[in-house]
Structure formats: structure tokens, C-alpha cells
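Shared between the two complexes below is chain A, which has chain B as its partner in the first and chain C in the second.
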Partner chain A sequence: MASVALTNLDPASRAAARGWSDLTIRNLFIIPTLVFLIVFNIFPLIYSLGYSFTNFAANRSEPWQFVGLQNYRELLSDDHIWSNFVITAKYVIVSVAGQMIVGFGLALLLNRSFPMKGLITTLLLLPMMMSAAVVGLFWQLLYSPSWGPINYVFGLGDFAWLSNPDSALYAVAITDIWMWSPFVMLLSLAGLSAVPQHLYEAAAIDRAGWWYTFTRITLPLVSPILLIALIFRTMEAFKTFDIAYTMTTQPTAELIAIRLYKQAFQQWDTGKSCALAYIVLIMVLAITNLYVKYLNKVKER
Partner chain B sequence: MAAVRTSSEVAFNRIAIAAVLIATLIFLAPIYWIASTAFKPKELAVSVPPTVLFEPEVTPFVRLFTKRVQMQKPVDPQVYDAAPWWEKRIYDGGERVLKVGKDVQLSQYPDRFMNSLIVAVISTVLAVGMGTFTAYGFSRFKIAGEADLLFFILSTRMLPPVVVAIPMFLMYRVVGLNDSHIGLIILYVAFNLSFSVWLMKGFMDEIPKEYEEAALVDGYTRMQAFFKIVLPEAATGIAATAVFCFITAWNEYAFALIMTNRRAQTAPPFIPSQIGSGLPDWTTIAAGTFLFLLPVAIFTFLLRNHLLRGVTFGAIRK
Partner chain C sequence: MTQIELRGIEKFFGAVQVIHNLNLAIADNEFIVLLGQSGCGKTTTLRAIAGLETIDKGDILIDGKAVQHLKAADRDIAMVFQSFSLYPHMTVFENVAFPLRATRMSSGEVDKSVREVARVLRITDLLDKRPSALSGGDMQRVAIGRALVRRPKAMLMDEPIGALDAKLREEMRAEIKRLHVKQGSTTIYVTHDQIEAMSLADRIVIMHEGFIQQVGSPDDVYSHPANLFVAQFVGSPVMNIAEASVADQAGAASVTVGDAPAGFVFPSQFLSKLNGHSNGGLTLGIRPEGVLVRHDAAPGYMPVEANIIEPLGSFDIVDLKVGSTMLRARTKAGYVSGPGEKVHVRIDPEQAHFFDTASGKSLGVRL
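Presenting the complex of A and B:
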């Protein structure tokens, strides 16, 4: 099945008979990568699935015991974990919504020709290329209560963005919006430039208003790519660790990934953290599946 | 159409461009702030009101690279005069540079920076190398369950780092790979490999099959055709993929935080750890951040035409 018709080259031809067969080359090119990924990504996950049914603690030498589904039961009935999920949901909604609005807004503004457009677009893309941990660090400087430039510009006195339990999560979300709006902008620009110009010309001849043109032509044609941006950013925001971890220690900003890190590497509750990792993993894979489905749809257009 | 433009359209266009410029300034302000703090005199970094214009100095970079101690009493004027300019700046701040014999003691920063460089470069070469072969395989040959295999490859990239890090940490502890360059390189190759396969597949799909087929007819074996025809055609794609992988590895934080703490620690976990307790010296931290972000900024400009493919895993091209 796989060996038939590897290429559209006639297998009986002289060219195909020389050197290694296509089947050999295909296996040689693909199998090492698959093996590597299985050994270093899938095997560890199987390993941790095993530990998720035990009370193993990596910092103690006493033998661990098999506890069945107890870790999962405890996690799912733990209010603390649920509050981490609620915090994560809040964070995802605020930061992704912000990125979609700012990013799409910027793309609408940029979608015209003007001098130095390329330079300005590239400059706007800089934030998303940077290390989230380092971005989190220098936003601490910007948010500083007594002498930070943000409080000075907005006249907020010594408002403590990052150590105030009510604002910490949103302060991190603002930084995330700054960092990732350019991503939405980049995808939106691609979508906008793919809208056939003649549609706008036809709308102009019909004296269609700006709003009508926007909702009936622009939005429907750009929405598939906006959806890609939305799902991708949702998935990434759900996994957020670096930026929130370096910016604040407030429990009100403890995202699920941070909770997982603390459980595994500060409390050394290894067995339970493996179980929590699995709960998070299943959620991420569900979103990934959705993402790939839409990606393939857009690709086929 | 373009010829007939109403005056309100022209006005709207101008407003939009003005808005773009303002937005760009707002987006760049945080970057300007960190870059300028790296060149500020210590006391201006935390001044109220914030200082925007000042006379830049490179003393923060001298502090970044050296080990220093507070001086108990003022420096001997003769010693001061004999000191090179950069050491004088440290004396001016009431500190002295630590030395072993005549050699200046370096801070941990250059070590961490080198670790980042070693890990990012080696993992990039491996991930792009393997990814290029695999992408060619997926692009040119029929493979049973191709879509599922590609999804499997992509899904390994989407795993949250902390989820993978827990079992990897335990396994590394058994084989002694914790806090080693090799350990981190393996993780980064695994992380970037899926990305490199997807992106390179996009580039490979764009190279016409007829090129190789012509070569095969001319008597090349498929391997020769791959190395002599396909690889040169894919050079731009390989370079773009490499830069993306480099940036990802360079920026990575979670794995580095968990897997390394001293010997192999990279810059991302090191730089934030300098804040510690007490009053942080923001100019030195900013200098370290500035040097760390500089390569990424340069690469972003080199990559500008490939960014879209990069962030969509090669799915959307222009």
C-alpha cells in the first residue's frame, strides 16, 4: 500500500533502478525523526502517566505506592485547582480578546499603502519575537509603583500593578496583549490582502457604506484566518507560564501552568503533578486538534 | 477606481496613517525604555519623573561583565589615575572591580550568554538538519496515514513545556543529564523538530518536482538529485527555518528554568534571577536584557518576509 506509487516515476524505468530505492530513502528520511519524537516526547509522557497513579515524590527516597485514581480524584475535587483553572480562563479571555481587537485593528489601519510601510510593520512585529521571560522582567520595570513610566504617564501615583491582587492578572494580560497583538496583526494582514479588490470596487459602484462593506465583504473573507489566530492564541494563552511567572507572585495570577510547576518542582508532589499534567495535556490536545482542522481548511482554499 | 478618490477618503487615509504611527510609537515605547535604561546613569534609571533624554554611558555594561565589591574608603588617587577608563567608571560608583592577580573577574553573565549560544546553535543545526530530510520525505513520497503522522509531529510541539519537563527531569536525573548542555539540546531539538518539519515541508512543496525528475532522467540517483538540485533550491527556506528555530531556542525559558541551575544555565532564567531581594540595579539588568534581545531584533529584520509562514507553521504563505 505505501510502497506502491511512491512517486509518479515509472518504477521500471532506469532512473528508479539506480541508487537507493525511493522506499529506502523515504524510510531513511522519515523514521529517525519519528523515533526521536517518540523517544523524547511520547515515551516521557507514558512514563509520567505511570507516575500519575502513584504517590511518588522525587525529593524523597522512600518507596512509592500505587494509589490508583486517587490523584485524579483529589485534583478534580480540589477547590484550589479549580480556582487556578478559573484564573486561567479569565486570563485567556482577556488577553486573547485584547490581542484580537488590537491586532485586527492595527491590520485594518495598516492595510493601505504608505511610505515605510514595510519598516513599520516589521517594527510592530518585534515584541512577539522576544523572550517572554525577559519581556515579563522588563515590564516589571515599566509597572514599578513609585517610579515606573506607566504610572507616571497615566498619573496613577503609586498604584502597584503587580502586587495588587485585583490587578496582577490583568497587568500580565496587558503585557501579553502588547507582546502578541502583532501575531494577530500579521495573520489579519495576510487575510486582508487576499480579499479580491474587485469586490470593493463593485461595492463602491453600488455606493455601499463603509460599515456595509466591512461586515459583508471584509469580515466574512477574513474570518477563517482570524479563527486560526484565535484558536492558536487561545492554546498558547492557556499554556502561559514564562511571562506570568517572571512578572508576579500573586496567588490571584497563578495560572494552571504555574500551579503545575510549583506542585512538581517546589512541593515535589511528583505523582500528583503528573496527574495534573495529564489533565492539562488533554485540554491542550483538544484545542490543538481544532487548530489543525482549521489550518487544513484554510490551506485548501 | 483608484483615480476617483473622494476628499473624505483621502482624509480617512491620512487619519489611519497617523493612527498607525502613534500605535507604532506606543508599541516601541517599552523596547525604547529597556534599551535606554541600559545606557542610563544608575540614579536616572529610577528617577521621578522618569528620564527620557540623558547623556548615555556604557558603565552598566562594564558592571554587567565584572564582579565588584563596595569600597570601604575612597580609592587611592594614584591607583585611580593608572586605571583604564572602564575601571574608573566603577571607582566613580564607589565600587572596585574584583581581580585575581591582574585578571579581572568576570560576572556570570558572559557564561550564561555563551550557554544560550551553544545550546541554541547546536539544537538549531540538528533540528533543521533532521527536519529538512523528513520534510522532503513527506513532500515527495506517498506515506500511509500522512495526515495523521503530520498531526502527531505537530502535536509534540503543542505540549506545554512543564508537562514534558516533569518526566524528562526524572529521566535526566537517572542518566545524569540534568544541568548539562546535551540535556537541554535534546529538549530543544525535540521541541523545534516538529516546527522545522512543517515549515520545511511548505518550502519543499514549492520546489517543482520536475526539477528532480529532469535530473533523474539525466542519470542522477535520487540522493544525488536531493543534494545537488533540491537542497540548493531550498536554501532560503532552510535559512529562514534555522533562524526561527534559533530564536525559539534562544528565548526558551521553562525547560531551562527546570533543567539547569548553574553550569548549563542559559540567559532567560538567569536574567530575571538577578533581581533577587533589595533594590535591584536596573541599569545592569537592562544592559543584560539589551544584549540578549539584540540578536533577536536583528534576526526579525532578516526574517521579515518569512514571518507569516513561520508563525503558521508554513501553512499560510504569501
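Presenting the complex of A and C:
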């Protein structure tokens, strides 16, 4: 009787005839995913944590040794690594701020009815759907000092965007803004259209001007979803690799992910790379946590 | 001191005309109720006055000044919405303060005005709460507070209590009346509930399919309905409507309802007044309280059989079959004991209304 009460299965179904319950079927669906996750995500994660305390090198067959916190100590006192972090921070701030402004601005423009709105919205979403490596290669061509369309259109002569140490990082950030603003736009658009029209009517009756309505009604009501966009984009920008790697070799544009790649697969310093990866992970988690705390505070209202 | 005048307002939604040549003058401090079924154009009219809807033709004058081209913010009119439309992310205080802060009033004055309004509306202890923590009635008090706080030229209310439950509606109705008496501002109130309209209005404007049917005091529209629509829309239980004919019976008028075998006796002056309409095209309207019922026979009373009885507490509604026409009578509770009982019925000539069947217009024939 008890097993009958647990299941909502149709008694005439084949599953019931095999003696399965709801629980059995649920497990059949979940277990493959769980196994996959453990084998390909959780296990390597823990394994690499172990590596981060050793001097293991993946391309050598010599036995490795346990070195304790030495990798972490070396990394955290390495000025070169810190400059990579500063470069990454600059990149994250410029690129995420740009995406938020451009994305939210586009969403504000699109948040009304006009002819061909659906088509225009779809076209604006295209950059986001491309492969980052392809985007990087194309923008490298666009930035080309001698015949690139960007210098031609803006009349910048032969300005070398990507080989100029001062501009390389920002050139990559602009590309990232181009690629990912649509993502912010999409989320903002969802947030904006969720603001009830009657609140705007009430504000109009209450004699609120455009700016007052925007700052007191629109922004506070969209801010939770804007924060979610911010979290996603910050996390992604922090680990940017592909665009930057394909576009420039300037040391001033060497993001932490590129540094990590070089350390792991050019210098084959596997143990130390694992340690660096964990430092990056902890930083991203810390930043995300701050956002999430703030998001919950915003949502409480 | 605000008069509002609507002159020849027309409004189309696409090809559909929702307001037809609407003219209305509203006096200072007057409480006007726009009454009608949903889709009759009452809310559109209100939103046009507020500036939330454009009009295709006509003038909206506030204190003699045409405002139809002004934005809502520039008309100095407050509005209470059916959905309350409180700002969900602000406290009650901030909600009420919003219209003041939007015009950059100093914070000292804002504080003073908000607390004054909160006292009048008895929401002082709610000021720190958010709208989501309020009951429906309190939400509406806050919405009214937000409208009152800036002392607008006029108050517009769009079914403000339509979303509340019955008991709360009654309470808020009394509250709105109390506020209007106390604060005295020109008010336009939209509702589909005729009881609300009757109890609140100085004058009721009854609308149907974009046309004004009648404008008048609650007593006026109840006792002198201008047409069949008003007659049936105002008053509960609904007025009886029946095809009727008039004949001369020994010097008195005999009004026959439908195909009834005999007529009701009316004083002789109805004969001449209804003369032109006596052969078809005449409709009798009689409210249930004008259908008089007694147990024993009496001169002028017609024997009929009771059909269905609806007990409504303080009174009963009894369906009586006169010929093939059903007349609903209002009797004392329990006066007619059950279906099938034989009773005697008469129509009170003083409460009878006569309408032209084709146009539906009242003939204005009264005793």
C-alpha cells in the first residue's frame, strides 16, 4: 500500500508493469547527468586542487613532489601576476561598464512599438551568437592600421589599435562590448517590459518628468535584472581568453586567463597553473558573492 | 475652484468610435459619476480628461482653458487607478510624497503635507510599510492619499474600489464620500456599479456605447429615467419592462400588459397623454416596488399566480405571471408564502413610466 501511495504512475503503464515507481523514473533521468558532472567537472576540480600543492608538470615523466603552499606563495608575490590582475581589472571595468551602458541604452530604445521591431531586435542579437575566436579575427581585420575600415571611417590614419601598448587592451574591450552588449540588452528588455504600464501613467499624473520617472520608477524596478546581467558579464569578462588571445600579443593586454594559459601549456608548469586557477576562482567567487548579496538586498524591497 | 467642460469630444480606436459627441459641464466641487457597463466609453472619457488618452475631436476645458494638447503632468489633475498603481519599491510615505518630490518641493514641506494627508486618511501608522504589506483597502487609501496630497485642481477616480470585496467596498464608499465632503474638490468618478453611483454622486452621467444617455441627480435618474436603457440600468432589482397598450374603459384608461386578458386601471388623464401611442409602440416600465400585491381581492386588482419567490432578507421579489408577461413585485419578506399562491396585483400609476418602444425614449408621461 505504501509504495502505491508514493507513485502517481498510471497502473496500466509499462513502467508500472515493470515494478517502477516515480522515484525510479526520476533517478533514471538524473543519474546519467550526475555521473557526467562528477566525472568531467567535480573530479577534475578536486584533482587540480591536489595538483596545486605539487610541482607536477604534465609534459614530464619525473615524479612530482608535494610542495605545500609554495605555488600560492610564489604566485601571490609575483609582480608579473599582479600586473596581469590589474590589466584584467581594467578590462573587466571598461568592458562590463560599456556593455551595461550600451545594452541598457539599446533596450530603452527598443522598449516601444515600432515597425520591424522583431527583426531589428534579432539582428542586434547576432554578435552574441558568434564564436569568440571568429569575432576576434574579424575585429583584428577591422582594426588593421593600413586598410581597416575603423581607421578609415573615423579618419584615424594608420593608428595601430592592437600593436599600440596603450590601446590594445581597450581595443579588445571595445570588441567585447560589441559582442556582449546584446546580452545585456536582452535581459534589460525583459526587465523593462515587466514594468507595468500603469506605473508610468501614475507617474505622468503625478507630474514626474522624464528623468525623474526614469531614476525613480524605471531604474529601481529593472535593477534586479540589471544586476543579474552585471553578475554574468563580470564573471565572463574576468575569464576572457579567446577574443584577447586571437586579437593581440601586447603584454599590456595580457589578461589573467592568457597568463594562465601560457603558464599551463607553454611553460608546462601544471602545478603552479592549478594554483593560479584557484586564485582566479576564489576572486571571481568573492566578487560574485558581493553582487548576489546586493541583489538579495535589492530584491527584498 | 475648478470647472471642467467637455465640448464635442469624439474618440476613435482604429475604426471604432468609442465616444460620440460628448458634451458635459462639471461645476466646481461637484462629484460627478460616469456610470455605464464596461466598454461604454466612461474610462476612455476619464483618461482623456487626465491626459492619458488623446481625443480626435472636441475640447477639454479646465477652468475655461483648453487642455487637450497638454501632457497629463501639465493639467494639474490627480487620478486614482483601479489597480491602485502604487510604486511597489517605495514605502507608503515615499508613495504619497512622490508627486510633491517630483515637483521639487522642499523636504520639510513634503513631510508636513504627507503627514497631514496621512492623518486625514488614517494611514499614519502605515507610512513605513511597503505596498505589498498592505490590505486592499489600505492600498486604496494610500492611492487616494497620493492623489490628495498635492491639492490638485480635480480628482479623477477610475473604479477605485472595484477591486475590493463587498464589505470593504461599502466602507470605502462611505470614506470617499466623507473625504469629498471634507476636502471638497471637483471629482469625476467612473464606475459600473449603480449603487456606488447613486450613493456618491451629485450628478450621474449614464453612458452607453459611447453616448451619454442621461445626466442628472441620483433621484432624477432613478425617478425620471430618460430612456429604457437608463430605466433598466439604474435601480436594483431591475425595473419591469413590458409592451403595453392603452384603451378607454368607461372613461378611465386601461393599460394592458402584453397579451394579458384584462388591463390595469389608470386615471383618465393617461388616455389623452398616451393617445398617439395607444396602438402599439408603447412600453410600460414599472419598478418592482410599483407592483402592488395583496392577498384578497380589491377594486382595480387583478388575480394572478405567484411564480418564483426570491427572499432577499428585508424583502422578497415575487415573480407574477400577468398573461404571458412576468412582472416582478417587491413585497414584505414572507408575504407570499410560496409558488402557486393566488394573489391580487395592481400597478401604481404614480410609479409607472411609459417609453416609446422604437426609440426607447421616455414619453415623460407621469401622473
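Criterion: the second predicted complex is superposed on the first by the 264 of 301 C-alpha atoms of A that agree within 3 Å, B and C clash if a C-alpha of one lies under 4 Å from a C-alpha of the other, contacts with A are read in each partner's own complex, and residues count from 1 in each chain.
Assume a contact is a pair of C-beta atoms (placed from the backbone, for glycine too) under 8 Å apart; a residue touches a chain by one contact, two chains touch by 3 or more.
The shown structure was predicted, so the numbers you read here are calculated from the model rather than taken from an experiment.
Q: Taking the superposition on A as described, I'd like to know which of chain B and chain C A:204 touches: first, second, both or neither.
A: Both: A:204 reaches chain B and chain C.
Q: After lining up the shared chain so the two structures overlap, which partner does A:217 touch, if you call chain B first and chain C second: first, second, both or neither?
A: Touch status of A:217: second partner only.
Q: On the A-aligned overlay, A:270 touches which partner chain: chain B = first, chain C = second, or both, or neither?
A: In the superposition, A:270 contacts chain B only.
Q: Taking the superposition on A as described, I'd like to know which of chain B and chain C A:260 touches: first, second, both or neither.
A: After superposing on A, A:260 lies in contact with chain B but is clear of chain C.
Q: Is A:147 in contact with chain B, with chain C, with both, or with neither (first, second, both, neither)?
A: first
Q: Going by the touch definition up top, name the partner, chain B or chain C, that contacts more of chain A.
A: B
Q: Residues on chain A in contact with chain B in one complex and with chain C in the other?
A: 201, 204.
Q: Which positions of chain A touch chain C when the two form their complex?
A: It is residues 196, 198-199, 201-209, 212, 216-217, 220-221, 301 of chain A that touch chain C.
Q: Inside the complex, what are the residues of chain C that reach chain A?
A: The contact residues of chain C facing chain A are 50-52, 71-74, 76-79, 81, 83, 85, 87-89, 98-99, 102-103, 130, 146, 150.
Q: Note which residues of chain B are touching chain A in the complex, please.
A: Against chain A, chain B makes touches at 1, 13, 16-17, 19-21, 23-24, 27-31, 33-34, 37, 46-50, 130-131, 133-134, 136-138, 140-144, 147, 149, 151-156, 158-171, 173, 186-187, 189-190, 193-194, 197, 209, 213, 216-217, 219-224, 226, 247, 250-254, 257-258, 268-269, 271-272, 275, 282, 285-286, 289, 292-293, 296-297, 299-301, 304, 307-308, 311-313, 315-316, 318.
Q: Inside the complex, what are the residues of chain A that reach chain B?
A: Result: residues 1-2, 4-9, 15-16, 18-20, 22, 25-26, 28-30, 32-34, 36-37, 40-42, 44-45, 47-48, 51, 58, 106, 109-110, 112, 114, 118, 120-134, 136-142, 144, 146-149, 152, 178, 182-183, 186-187, 190, 193, 197, 200-201, 204, 225, 228, 235, 239, 241-242, 246, 257, 260-261, 264-265, 270, 273-274, 277-278, 280-281, 284-285, 288-289, 291-292, 295-296, 298-299 of chain A touch chain B.
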